[in-house]
Every structure is written in C-alpha cells, then in structure tokens.
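In what comes next, chain A is part of two complexes: it sits with chain B in the first one and with chain C in the second one.
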Partner chain A sequence: MTQQRSTSLTLNRRGLLGALGGGALVAAGAGMTARNADAAPEDAAKWASELTGGRNPVDDPRVAIDLPPIAENGNTVPVTVTVDSPMTDADHVTKIHVVAEGNPNPGLCTFELTPACGKAEASTRIRMARTQNVVAIAELSDGSVISGKKEVKVTVGGCGG
Partner chain B sequence: MAASRPRVKVPKSAAKGEVFQIKTLVTHKMETGLRKDKDGQPIPRDIVNTFTCDFNGKTVFTMKLEPAVSANPYIAFFQRATESGEYTFTWTDDTGESVSETKSIQVG
Partner chain C sequence: MLTRRDFLQVAAATAALAGPLGGVSRAASRGHLTQDALLSFAPLGQVTLLNFTDIHAQLVPLWFREPSVNIGVGEARGLPPHLTGKAFLDHFGLIAGTPEAHAFTSLDFADLSRDHGRVGGLAHMATLVKAIRAERPNNTLLIDNGDTWQGSYTALKTRGADMVRAMNALGVDAMTAHWEFTHGEDRVRELIGMLDFPFLCGNVVDTDFEEPVFDSHAYFERGGVKVAVIGQAFPYTPVANPRHMIPRWSFGIRDALVQEHVDKARDEGADLVVLASHDGFDVDRKLASRVRGIDVLLTGHTHDAMPGVIRVGDTLLVASGSHGKFLARLDLRVENKRVADHRFKLIPVFSDVIAPDPEMARLIDDIRAPYSSEINRVLGRTDSLLYRRGNFNGTFDDLICQAVIEERDCQIALSPGFRWGSSLPPGEDILVEHVYHQTGITYPECYRSQMTGEMLKTILEDVADNLFNPDPYYQQGGDMVRVGGLGYRIDIGQTMGRRISNMTLLATGDPIDPSRTYTVGGWASVNEGTDGPPIWDVVSNHIQRKGVIDLPENRAIEIVGA
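Up next is the complex of A and B:
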C-alpha cells in the first residue's frame, strides 16, 4: 500500500516538473527575442572577433567567470575570471578579454598576462547596464582562443545615460 | 582628473615558487562619456585606460580598461615569486597623466 502511494506521488511530481520546465522554456524564448532586437550580443561578438583578430573562440570549461548571480547595484559588480592553465613559458594564457552583451559599449577590459603571473586569474569591478551575459575570451600561447559565459541579473543599472 | 591615492597590497616576503595575489586600488572618477550634465551637454570621457605592473623593469601584467570599469578601479591578479625585487604599478588616464607606486618583495 505504502509502496503504491509513493509511486503515484513520484509520477505526480514528475508531471508537475515537466509542466514547469515547459513554462520556463517559453519564458526563456521570449527573453531571447527581446535581447536579439537590441543586437547587443552581435555587437559583442563583433567586438570579440576584432580583439582576437577574427579567430572564433571555442566554448571551453577551462574558462570560469565568477560573478554574483544577482547584482543589486550595477555600478560596481565584482568579476573574477579564472583560466585553468599551468602558466609555463610553453603553455600560458596571453590575454583575457572580458565582454558584456548588454552594455552601451561591449568592451569591459582586457588582461594581458605573462608566465610570471603563475596563475591565470584576474579580478576587477565593472558597470552593468542591465541583466545580461558576460563573456570571457582567453587567448592561449599556442594560438587557440577559448571562451566562457555567465549571466548576471542586474537590479539597478549603472551606466549613467 | 588624474588618478590619485594608489593603494597596493603585495606580501613583504614569499617563498621561491609561491604564487601570491596582488591587489590594487586607485582613486579615479572613471567618467564614461555617456552621462550628460544638467544642461544636457555630454560630459567628456575620462577614464584610466591602461594599468601596468613591472617587476624589476620587465612588464609582467597589463590591463586595458574600458569605460565599463567602475569608478576607483580595483584590480587584482597573481604573481609567482622568483627573486627579490621591486614591483612598479602605473595607471595612465585619458588626459595622459599617470600615477605610480612601488612595492618591494623579499623572496627566499
């Protein structure tokens, strides 16, 4: 009896989760359309390709962006970019570009690293106009370009205007 | 407005091969160029656009800043201890003015 009851409970929960997931997908789709109308992700991609000399970055889990999930004040959002790299003379990160997809200007900053850094990690504080993705693009000494992405929700934008 | 009051945190000593963090902060308004004054005139852009860190005369870390970096820019990064020496930190802004700070470290 108990066994049966628990099975039906699980089924119900699964059905409910499925419905919720579907709703979330629709909401995400609507958000995407609104963002595309702004053409900001395209600007960001263009900016990034200029910085890297036309080399297309490949998504790679070695690039990690540490950002608060919700930034209450868009005027100063702490950001840390870490790239998993041994930082030796033969294999190191030369540049890390940080790009915003929803700011008036897509560029945030560029860190230029050397093997003397010992660890491919740098932090700063940035201004975010609204909820958007932050993209980090790392150029490696072997010529490859890898990237990572993270969304930050902004309560009050911080770009003046 | 020139950058002023640089504050830098470097450990006084480190073991050879140790990787340590350097934290820096400088006072600068980082005017984006997007804001308007009360008469509706745009306020010209004035930001710190370059930060460099040299160790014993060799550049070891550079940062190019855009208007999106917050006022009073905070920059933190890592270094591997190889030898005793002196770090020189330089911030340069749009007006061409720069401010520097030096810190020494004992390695061994």
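Up next is the complex of A and C:
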C-alpha cells in the first residue's frame, strides 16, 4: 500500500468557511520529498519541532481533535481541530498544525488564524493507510505551543454483529 | 425406569389426550410455565416501554443458545453482560434448571431445549404485545432497535419487505438500524417509505457536508408524559459491512451529536428521553457515562439478554437479547422530568406456551407461502448441537468452514464472527431455511484466494482488536473471525499485533509460515467485486453430501489472558 501525504484540497464546508472567515490554509508539504517508509513517532516529533521552530509542544486539554476512533474510509478521514481560545488580539491561536505519526510525510497541513476567525477551529480530510496517532499542534499568540493527540484505527473491517 | 425426558413426554401425551390442551408442549406440561406467568407484571407509573432488538428477520419460532464464552475487557471485565453459565445465574439470582436459566444461559442447552421448546416467532411476540397494550392502552410504546430486515430466506428474497409488513402489523412505534443498510441506499429509502413509523438514526450524516440523512428523534405522548425517542444506528456500519452499498452515508458514535439531540429534546419539552441504540452494550455503557440526560438507553447489536437493568449514573440500560427470544417491559413513573421509579422484566418468548396471534400468524403464512417448499427442503440431519453465538468458533461456524474447505478445495477457511443465526439441537433435520439463518446476506460470494501467513495473522489481530480493545469505542461488536483448518492461541489482554501466536495448519500440524502462501476460502467480504458462488450453496451442497453432521466442539483455539 503506497501512502501519500494528504494535502487539504478536500476541505469540507465547515473547513472552507473557516478558511474564508480569515484563516488561510497553507499546505505544509512544499519542498518536502515523499518517503516510502512509514514514519515513526520520532519522525513526527521532529516534524513538529521543525514546524514550530524548535519549540516543544506541551500536551494541553484545550486542544480537541474530533476524529472517528475507527476510520470508515482511510482515503478520506474527516478531522476537526478545535482549540479553546478567546481569539482576542491579546490571546489567540496563530497556527494549527495537523501531523499524522504513521504517514510517510507526517506533516499534513497548517492553518493560519487571526482574531478575525472568531473561533479556533479547522477541519479537513486526511488520508491514512494504517492505524496511527494524529497530533494537532496549536501555536498561540503568546509564543507558547500546545498539542493534543488521538488514535485512529484503520482496519480490514468485516465481521460485524 | 423412566428418565425425566420420558416422563415429560408421557405427561405431554396425557395432556394432549385430555382435550383442551391438545398439542401442548413439554414446556407447558411442566406446569409452572404459562402465558399468564410470562405476562405477569404489576404495572407502574405512566409509561410502559416495550423493546426488542436484533430479531434478524426471524418470523417463526426457533432455538437460540446464549453464549458460553463472552469475554469482557477493560472496565467491562467480569461485569454483565460478560458473564456466562453459573456466574450469570448467580449474578442475577436465577436458579439452575428453571425455564429462566435456560433462556439466559447455555447450560445444558441441548437437553433443556427439548423440555422448553422453541423461542420467539412474531405471532407469539404479537400475543404478548397485544396483551400488554390491552392492559395499558395509552401508556405503551414499542421500540425496535434494528437488525430486523436481515437474517432469513424471506428477508433476503423480499429484500426486507417481509419484515416491514410484520413490524407494521405489530405496531412498532419507532426503530433504528444496522443490517438494514446492507439492502443498499435505494432499497433502504424504499422500505422506509413503506414503514408506518419513524426510522431514526441521529448519528448518520452525508459524506459531503455532514448533514443529517435521517430523522434523529420522534416524540410520543404516553400517560401524560412527553417521551422523546432518539435513534442511534450501528456506528461502524461502513467498516463492518460493505461501504460501497451506502457510499454517501457516514456513521460513527458521535457522542457530542447524541448530546445535542438529547439537549434539543429537553429544550422541546421532553419529560422522558429514550435512546434506542445499536451501538453495542459496552459502547453504550461508556456513552451513558459521557452523555447527560438520557433516562433510558435501550441497547442492541451485541445480542446480550439481561434480566435486570444496569444503571450508569441516572441512565437505565436495557439489553433485550436477540432473535425475538425476548420482549423487554420497562414501566416508568416519571416525575419532574426524571424517572422516579421503574419496574423491569425481560420476558422470554417461550413459543410453546404462548397462543400465536391469529392475525400475525396469517400474515407470516402469507409471507412464507411462496417459498415454503424451498425453505422446508431437508438437506441432512445433525447429530451435534449446532450454534454460532460466542466469542470464538461455534459448531455452526465449524460446519461452514468445513464446507468451504472441502467444497472449494482450500487449506484454510475464514468465516465472519456474526452474532446472529439460529441454533439446532441434535437429532434435528437441517433445512434450507437453517442454512439461510447463518448465511442470508446481500454479499454472499464465497471467495477462494491466496494469502500469506503474515496476512492471515494481520486479519486475526485486526479482528481481535475490534473485539478486545479495552476502549469500547474502538470495538465493533462482532465476535472473533471464525477459522477452519487453522489453530491459534490468543492472549486477550495483549495489545493489537501481539495477541495471536502459535498459528498452526491443522492438516499437517506445521506452524503457519509468515512468508508462505496458503489457499484461503471465505465469505462476506466487504470489498466490491468479490467473486465466488453464494455461501448458502456451498454449505447446502456440503450438508447434502455428508447427510449427517457430527461435529465436536472446536479445540484448535487456545484462549489465555481473559
């Protein structure tokens, strides 16, 4: 099974509206070469570090990832990241990165946000060939970096009761 | 000297000769089991909720053996419904040897099934429903939790229409769904159009914009109480069944969405909120701890039958069994939008002591008449108890796997871990109908393909995690994939990828080589374009060729760490 890094071209309506509302979507893959081997979580950590300029994300319950526990279709798994933030000039989310630990290129996409977004929420659809963790990293206006994580199972299926 | 069974037969014969009880069964001859006793219930409060689930299109009485292996993991370990046999009886205070003990456990099943007869059948169910409605005409609400339109020859041939007719006649008030979706999107829409009551699936959205596809809830006025019934379809339908049949619909547990539906129902004045769910019991036990405001959670999917309600916080969980074997009655006194008191009984539908409802009996005859010569055709006889339900291979699964190996010339067979399918006591004829009870699905192709040992292990690990992941939200609610020609050891408590070991090709006793290729036959592939003869033909041909089926319990699977 060849895995490909997902770009966020298949935005759903909510994600699209979010983007139109002021958050600009930046595909993170520019200039990055695809690898064939699955990434290990260490690779994902390296990616996270590169994306955030070396700042280590801290696990924080304010970052919520809405993902199905078991993917219906590994080719297009809907994901919504919500960060609990007042989104004021003084205190807002500037970027949301989505990283899939098991994909050949773990960095999937980056959403850029401003206080004008009103709400720190971003949706997209990602492709994943096997069970793995998806990590969402949020950069805040005070320079801190926080993250959340959720496991998605991609199964061979069958055998329902 | 007379044995107990001889004695009962004599008693039954005597009763039959005596007149008004003519044709009465051995069960009735035991005296303490009567229709009135089954219906006996001191009414309480304003609302009588009636519920059944997972009937799997069983119109007429059948046998159904409850599991002897039903392992709970994580927080569900050792809790009901994950109790079997004596542990189950002890937990619920039932006495071995009673009809109730027979209904709820597999203890001494083959023998006791002779004494107590068949269970279920919608004409018998209708008698109970009508009697309760007559007693509580303005208080009764009847909910069907789904898996209703699949599981028999007639449901397959009429593409679910037989069950829609029967459920309309029974006067169901609302339903939710799972196997219904295996009729495909177009047919599901047609059948919904034929229903006299709402089809509720609040957790199904379209794959484009995640907009709702079906109604999420409906309101009913009963005994002055405004009741909201919310439907929750099986969350993993597109994973466990072919997604290509319903490509535009997305499912999922979506507990945040369930909370929205509950809050909306409360805002709209509901005094009592009922969730009719096809999540499976362990999923619902977790959901009940996360979603606030559900008064009654009617569970389904995992086919658990429990004689008592399970309370999680302020939510009462009901598990009504399967195959029409039980009718749940839950009476509720509602005060200030809360359940102030309740009374519960899971009524075993012992068909032999219930007079069938003539109207429903006529409808069932009408439905089955065009197919009667085929469904009643005798294929062979079984000398063993045949059953499926349980976490690992049942004897009916072994029969199917044996048929696949021999008729399709394979080394290894895989058969899905479905929880549905009737049981057959030793000595019974195996009819065409019984084969369809085990195999009647809309994607029946029996494939024959090559798989590496590594691939086989991946499949076993994958399905094992769907069953034994300690977080119920990662469970799919089926049982373990059944295997033929293959032995293995499973360590339940391990993590995904580490549970399965000692895989052995039974024909030679050699270990399965991860890099070697094996000829594998199976059926119920969720992939589009699977080739092969329908599994019912493979199994029927095998039974006809053998004549008599005699299968010992499967001993090729070693279970540890439970």
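In the analysis below, the second predicted complex is superposed on the first by the 116 of 161 C-alpha atoms of A that agree within 3 Å, B and C clash if a C-alpha of one lies under 4 Å from a C-alpha of the other, contacts with A are read in each partner's own complex, and residues count from 1 in each chain.
Here, a residue touches a chain if its C-beta (ideal position, glycine included) is under 8 Å from a C-beta of that chain, and two chains touch if they have at least 3 such contacts.
Model, not experiment: these values are computed from the prediction.
Asker: Is A:T155 contacted by the first partner chain B, the second partner chain C, both or neither?
Answerer: So A:T155 only meets chain C here.
Asker: If you stack the two complexes on chain A, which partner ends up touching A:C109: first (chain B), second (chain C), both, or neither?
Answerer: In the superposition, A:C109 touches chain B alone.
Asker: Return first, second, both or neither, reflecting whether A:C117 touches chain B, chain C, both chains, or no partner chain.
Answerer: The answer is first: A:C117 touches chain B but not chain C.
Asker: Looking at the overlay, what does A:V58 touch: chain B (first), chain C (second), both, or neither?
Answerer: A:V58 contacts neither chain B nor chain C.
Asker: Of the partners chain B and chain C, which touch A:P68 in the superposed model: first, second, both, neither?
Answerer: second
Asker: Report the partner of chain A that touches more of its residues: chain B or chain C.
Answerer: Higher number of touched chain A residues: B.
Asker: Contact-wise, after the overlay, does A:T131 reach chain B, chain C, both or neither (first, second, both, neither)?
Answerer: Second partner only.
Asker: Quick check on my understanding: which residues of chain A belong to both its chain B contact set and its chain C contact set?
Answerer: 76, 158-161
Asker: Enumerate the contact residues on chain A facing chain C in the complex.
Answerer: Going through chain A, the ones touching chain C are 12-14, 66, 68-73, 76, 78, 131, 151, 153, 155-161.
Asker: Which of the residues in chain B come into contact with chain A in the complex?
Answerer: The touching residues are 19, 32, 34-35, 55, 58-71, 73-80, 82.
Asker: State the interface residues of chain C toward chain A in the complex, per the touch definition above.
Answerer: So the residues of chain C touching chain A come out as 178, 207-210, 234, 236-241, 243, 250-253, 256, 280, 301-303, 416-420, 458-459, 462-463, 465-466, 471, 473-474, 476-479, 481, 496, 524-526.
Asker: Give the list of chain A residues in touch with chain B in this complex.
Answerer: Answer in residue numbers: 75-77, 80, 87, 100, 103-105, 107-119, 121-128, 158-161.
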